[in-house]
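Read through the structures below before going on.
Look at the two complexes coming up: subunit A is in both, with subunit B in one and subunit C in the other.
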Partner chain A sequence: MDTGNKVAEVIEASSAEFTAQCYRLDQSPPLGSLVKTQDSLGEIYGVVYNAETHSLDPVRRVIARGENLESEKDIFRANPQLTRLLSTDFKVMVVGHAQGKSLYHYLPPKPVSIHSFVYTCSLEEVRTFTRSLDFLSLLVDVRLPMLVDEVIAACIRYASQAHSDSQAFLVKAGKELAFLLSSDTRRLNSLLKRLK
Partner chain B sequence: MKVQDSEERNNLGTVISGSLTRGVEVKLDASVSVEDMVVGRYVAIEGEKHRFFGMITDVSLETVDPRAMITPPDISDPFIAQVITGTTTYGKLRVLPMLTIGGDAASILEGPQPAKTVPVHFSAVKLASQRDVEMVFGAEDERRFYVGTPLDMETKVCLNISEFVKRSNGVFGKSGTGKTFLTRLLLVGMLQKGLAASLVFDMHSEYGWEGKTEKGYKVKGLKQLFPSKVAIFTLDEESSRRRKVSTDVVVKIGYDEIEPEDIELLRQTLNLTEASIQAVYQLAREFGDRKWLGAVLNLDDDDSKQLISRLNIHDSTYRNLRRGLENLKRFSFLVSRAPDNSVRRILEYLDRGINVILEFGRFDDFTAYILVANLLSRRIYAKYRENAEREMGGEVSPAHPLVITIEEAHRFLNPEVSARTIFGRIAREMRKYNVTLLVIDQRPSGIDGEVMSQLGTKITCLLDDERDIDSVLTGTAGKNELKSVLSKLETKQQALIFGHAVPMPVVIKTREYGTAESYKELGFLEAAELKKKTEKDIEDLWTS
Partner chain C sequence: MFGVGARDILGQSRREMSLDLASLVGQIVDLAASLKTRERERAARLDFALNILKSLSADFDRLRHKIDASKTTWLVAGLKEKIDLRQAAPSCPDDFIILASDGSHIDVDRHQSARCFLINIGVAQLQYGRNPDARLLSFPTLYFKDNEVVIVSPDDGQRIPIKEQLLGVKRSVEECRILAERAVELKADLPLVALLDGSLIFWGLIGQAYDEFVIRELLVEGFLEHLNMMKGLSRDRQLAVASYISSPQSTDVVNVLRLAVCPYETVDCDRNCRGKFERRECDVVGGLLDRDLFARLLAPGERSAIFSSRSSVVMKYYGVQEVDFFYIRLDGEVARVEIPLWVAEDEKLVELVHATISDQCRLGLGYPVALGEAHEQAVVTGADREQFWGLVEQVLADDGMILESSAKRQSKRARWI
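Right, the complex of A and B next:
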C-alpha cells in the first residue's frame, strides 16, 4: 500500500464527491481505498469508487492498434501520443474530514477545491480514520451508478489491512453493517460474503 | 465454573423494555452466549438511582428482521456467524427484578428492599457478583443456616432459621428429587441453631439414625451427628434392633388413647363407610371416649348382636366397622393399656430441647402413620396450647418453639380432612401456640389451598405436574416467571426457595450432605475429637 503519494488532481467537485484525474495513465488508486486532499481548513477524506480511462476528446473514440504488435507495451512505444490523449479518472465519495487534530466522519462544510492534489493515505492514516466506522453509514445510504456494496466491501477489506488484527476489524465492521442493514438481511448477507 | 474476575466479563447486556409485573427484557451483548444463560440465575441491574437485583426467568432468541428467519445467513462460515450474533440475531433475557439496593448511605444500611419499580431504559445488566449475593442473603451466623449455593456461584445462600420456624413451611418435589436430603438438612439447621425443637414423624426411618442415598450408600442421620441433642423413639423395637439403632424410648399406644376422631381420619385407609363413622361416635357415647375401642374389639358375636340392636346400628355397617377396626390389631404398638404415657415422654424430651424422631419401622403404611402422627400431635399441641395460655396469664415462661415434621402431608391436609386434623389447625393458627409444621409432600396439589397459602417458606425441588406447580406458587409474586424456573430445575440437588425465610426467591444447589467433610461442617465431631472436647470441658469446669 502507498504511504501517501500524490497521485491525481481534482477536476470536478461537489459536496459529497469529487472526480480526480490521475497523473499517470491507468494508475488509479484501488477501488475502495482511502484518499485525501488538502484545503485551507485541513484534510478531506474520501473513498475511491469508480475509476475509468477514456479519451480526452469526447468526439474521438479510442481505437484498437495492436493487431500486428508483440505486446501491449509496444502499442504505447509506437504511439507515444497516446499517454497524452487518454486519461484515467476516478471518483471519490467524501466520507470525512480533519480539522487540526480532530477527525470528523461526516461531510466537510465546503467541497474540495478544484485542482487540489489527491494523495493516497498512509497505513497510519487509514488506521486512525477507520478506528470509528461511522463513515459506513454514508456509504450504505449513497446511490451510485455502480454497485455500492462492491465499494463498501472493497473499502472494508482495504482498511482491514491497516489494522494489526485484521480479522477483528472485519468482524467489527461486519457488526456495524449488520446494525445499519438490520432491515435488509439479504443485502447484508451478500455484503458479508464479500468481506472475506 | 468460570471465575468472574473482571467487571467487563460480568456484563450481560442492556435493559430494553419491560414492566414490574412481567419483568424487564434484556438484550444480550454479542459477546455473551445465550447458551450460558440459565433460568434461575441472579443478575444485578445498574439503574440510574438504584441497583436492582433480579432473577432470570426466561431466555429467548430474537431477530431484527423476520426475513432472516426465512433465509438464514450462512452461519457455517464462522466469520458470518460471528458478525450476525448479537446484531441481526440476538439473545433476550427476561429478568424479574425482586430487590432494590439504594445508592445512598441510608438505603445501604436499610438493606435490600422489595423492588417497586423497574430500572431505566438501557441500564447495564451484569451477573450478580458474590458480594451482591452475600449482601442479599447474609452470612452464616447464629440465626442463619447455610443451605446451598446459587447456580454457578460459590456464595452461600443462608436461610433465616429464626424466621423459618415462626411459620409452617413446606418441602415439595417429585419422588427422588432430594426432598429427604433437603429435609434432613433443614432439621440439622434448626437443631444447630437451637431455635426450635423438632418432632419428626419419620415414616421410613431415614432421619434418625441412618438414611440411604439413591445410589445405595449410607448417610448419617441426626442422632449420629448430634447424639446428645436427638432422641429416637420407635414404634417397632424389633426393626430398630435389626438395624442396630439405639433407641431411647419404645412408644406404645393404648386403646384408651384412640378417640373417635382418630378413626374418622382413617376412614379412607380403613375403607369405612360414612355410616360406620357415625356408629363409632355412637359406640363412644355408649362406652365412653376412653374405653370404646377396647370394648368393641373384645365383644363376642352375641354381645355384638345385642349391642347393635340396642343402638340401632345396621348389621352391615357394624361388620364394616369391625373389619376396619380389626386392622388395627396388627399394629403391635397398640396395646389395650399403655405402660407409659408416650406423649408425656415426648414432651419431657422436647422441653429439654432435645429433638424427637419417631421411627415407624415396619409400620410404614398410611394407617399407622396417620393414626399415630395425628394422635400424638393433637395431644402435644394441646399441651403447648395450655402452656401458651398460661404464659398469657404470666404463670410460665414461653415454651421452646416446636416444629412438627410430617411426610405425605396431603394425607393429613387434603381439603376433605384438613379441617378435622390437628395439622390443619396448626397450619392455620400458625405460631400462636409456638407450634409449626414442616410438611413434606410430593403432591402439593392434594393439599388444601387454604393451608398452602399459610405456609411461610416453601422449598421445592423439581415438580412437573401443572397442578402441583400451580398450587406451590399460589399467591407468590411473579408466579408465571417462577413457574418456568421451577419446571426447569434439575432432578438432583436443586431447589427453589421462596417465602418468609429468604429475602427473595432463590434457586440453590443444595449443600453437600453425606461426606465426612460435610458432617464436619455441620458440627459433627469424630469419636476421638469428641473425647478430647469432653476432656477439655471437664478440665475447664474444674479450673473455673
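Right, the complex of A and C next:
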C-alpha cells in the first residue's frame, strides 16, 4: 500500500464527489482506496469508486497498435506520444474531512478546489480514518453508475489491511453493514460474501 | 432521396440545404466515365515515361549538360544522382529525436475593428529508443503592434499589410523559427531530425511580385536565417532538417523527361515551340506527376535519387540552403521530402532522414506521426475562431473600448431565418 504519494489532480469537483486526472497513465489508486486533498481548512477524504483510461481528445479514438509487437511495453516505446494523448482519470466519493485534529465522517462545507493535488493516504491515515465506520452510511446510500457494493467491499478489504487485526476489523465492518442494511438481507449477504 | 426535402427544413442546419445533391448525381457519373478514359491514356503515357527514365540512366553527364543549357517554360529538376536510382530504407539509429512543427492562423478580419492576427505553432518532440519520451506543445502568439502587422520598406516607408497569402508565408517563417529554437534547447547527444510540413520553397512569394524588402524580411532574414541556425547546430550534433510533402503535385522530374524527348538540339521552349501548346513533342509525357513515376519505379520504403530544385526563388536567394529533394515510396503514397543542400551532401544525414521518415509514416499510418501530432497541437477550429474573437471583444469591452463590429459580421453571428 502507498504511503501518501501525490498521484493526481482534481479536474472536476462537486460537494459529494470529484474527478482526478492521474499524472501517470494507468496509475490510478486501487478501487475502494482512501485518497485525500488539502484546502485551507484541512484535508478532505474520499473513496476511489471508478477509474478509466481514455483519449484526452474526445474526437480522437484509440486504435490497436500491437499486432506485430512482442509486448505491450513495445507499443509505448514505438509510440512515445501516447503517454501525452491518453489519460487515466478516477472518480472519488467524498466521505469525510479533517479540520485541525478533528475528523468528521460527513461531507465538508465546500467541495474540493479544482486543480487540488490528490494524494494516496498512508497506512496510519487509513487506520485513523477508519477507526470510525460512520462513513459507510454515506457509501451505502449513494447511487453510482456502477455497482456500489463492489466499491464498499473493496473499501473495507482495503482498510482492513491498515489495521493490525484485520479480521477483527472485517467483523466490525460486517456488523456496521448489518445495522445499515437490516431491511435488505439479500444485499447484505451479497456484500458480506465480498469481504472475504 | 438525398434528404434535402422540405421536411428537413425545420430540423437541419442551413449547410445541408445549400447544395442540391440530387441534380449533381448525373454529372458525377459523367465525371467517373471521363476519369476512366483519362486513366487508360495516362497509364500508356506512364509506361512510355518509365522507359525513357530508365534509358536516361546511362547518359548522366550529357543529360545534366542539357538541363543546364536549357531554357524551358517549366521547372526542371537538377540531377545529383542517377535519375533511376532506388535506395532501400536504412534502419533507424538506436536512439533519436524527431522534432516537428506545424502552424495555423486566424487572419485579420476586416469586419473587426481590432486589427490583429494570431499564429499558433504546434510542436511535437518525440524521442525513440531506450528512453522514449514525448513533448507536445503549442505556442499561440497574437500580433497587433504596428510593426508586427505590416512589413515596412526601409527605403520609402511603404507598408505592406501581413494578411491572406502573406500571412501564410509569415506562418511558415514562424514554424521554422520555433523549430530552430526548440532544437537549440535539446541536449546534443542524440541524432535529431527537425521536420517541417510542406515545401521549403517559398512558393507563396513567387508570382505575386512582392517587393524586395518583403522577400528580404520574410525569406532572407526570416526563414533562411532560421535554417542557418540549424545548420550551425549541425556542427555539434547529428541534425538534419527536412520537410515532408504529402501527395506532391510537382513535375520537376517528369520535366527532365520532357527535356530528354525534346527533338531540338538546344532546348528553348519560347523559340522552338511558341504557340504549339499541347502539341509539342514533349507532351507525350504531359499530364504525369513525379509521384506517378516513382510509384511505379520504387518499392515500398525506397527513396529516389536526390534532385535539386532549379526554381528561381531558390536559385536567387537560398545559397547554402539550396533546396534538394527526393521521393519516397510509402505504403499508401509517394511523398516528396525536401532537404537543404548541407543535408543532401552528408550521406549519413540523408540516411537518417530516409530511415526516420519511413519509420514515422509506418507509425503514423501513412503520415509522419510527429507532424500529425504537431498539427493536432496547432489546429485552430471554427469554434476556436469564434471564441477567440469573442474573447477579444470581451476583453476590450471590459477595458471600456467599444468595438465597431461590422454589420455583416453581426449578421453572420446571429443566424436568423
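Definition applied: the second predicted complex is superposed on the first by the 196 of 196 C-alpha atoms of A that agree within 3 Å, B and C clash if a C-alpha of one lies under 4 Å from a C-alpha of the other, contacts with A are read in each partner's own complex, and residues count from 1 in each chain.
The working rule: a residue touches a chain if its C-beta (ideal position, glycine included) is under 8 Å from a C-beta of that chain, and two chains touch if they have at least 3 such contacts.
Since the structure is predicted, the reported quantities are computational estimates derived from the model, not experimental observations.
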For A:184, select first, second, both or neither according to whether it touches subunit B, subunit C, the two together, or no partner.
first
Would you mind checking which one, subunit B or subunit C, touches more residues on subunit A?
B
Looking at A:143, would you say it contacts subunit B, subunit C, both, or neither? Reply first, second, both or neither.
neither
Taking the superposition on A as described, I'd like to know which of subunit B and subunit C A:174 touches: first, second, both or neither.
first
Of the two partner chains, subunit B (first) and subunit C (second), which one does A:80 touch, if any: first, second, both, or neither?
second
Is A:57 touching anything from subunit B or subunit C once the two structures are fitted on A? First, second, both or neither.
second
Have a look at where A:193 lands relative to subunit B and subunit C in the superposition and call it first, second, both or neither.
first
Partner subunit A, residues of subunit C touching it in the complex:
124, 126-128, 132-136, 363, 369-370, 373, 376
Of all residues in subunit A, those that touch subunit B in their complex
167, 170-171, 174-175, 177-179, 182-186, 188-189, 192-193, 195-196
Touching residues on subunit B, where the partner in the complex is subunit A
30, 64-65, 67-68, 71, 73-74, 77, 79-80, 82-84, 86-88
Touch list for subunit A against partner subunit C, complex:
57, 60, 76-85
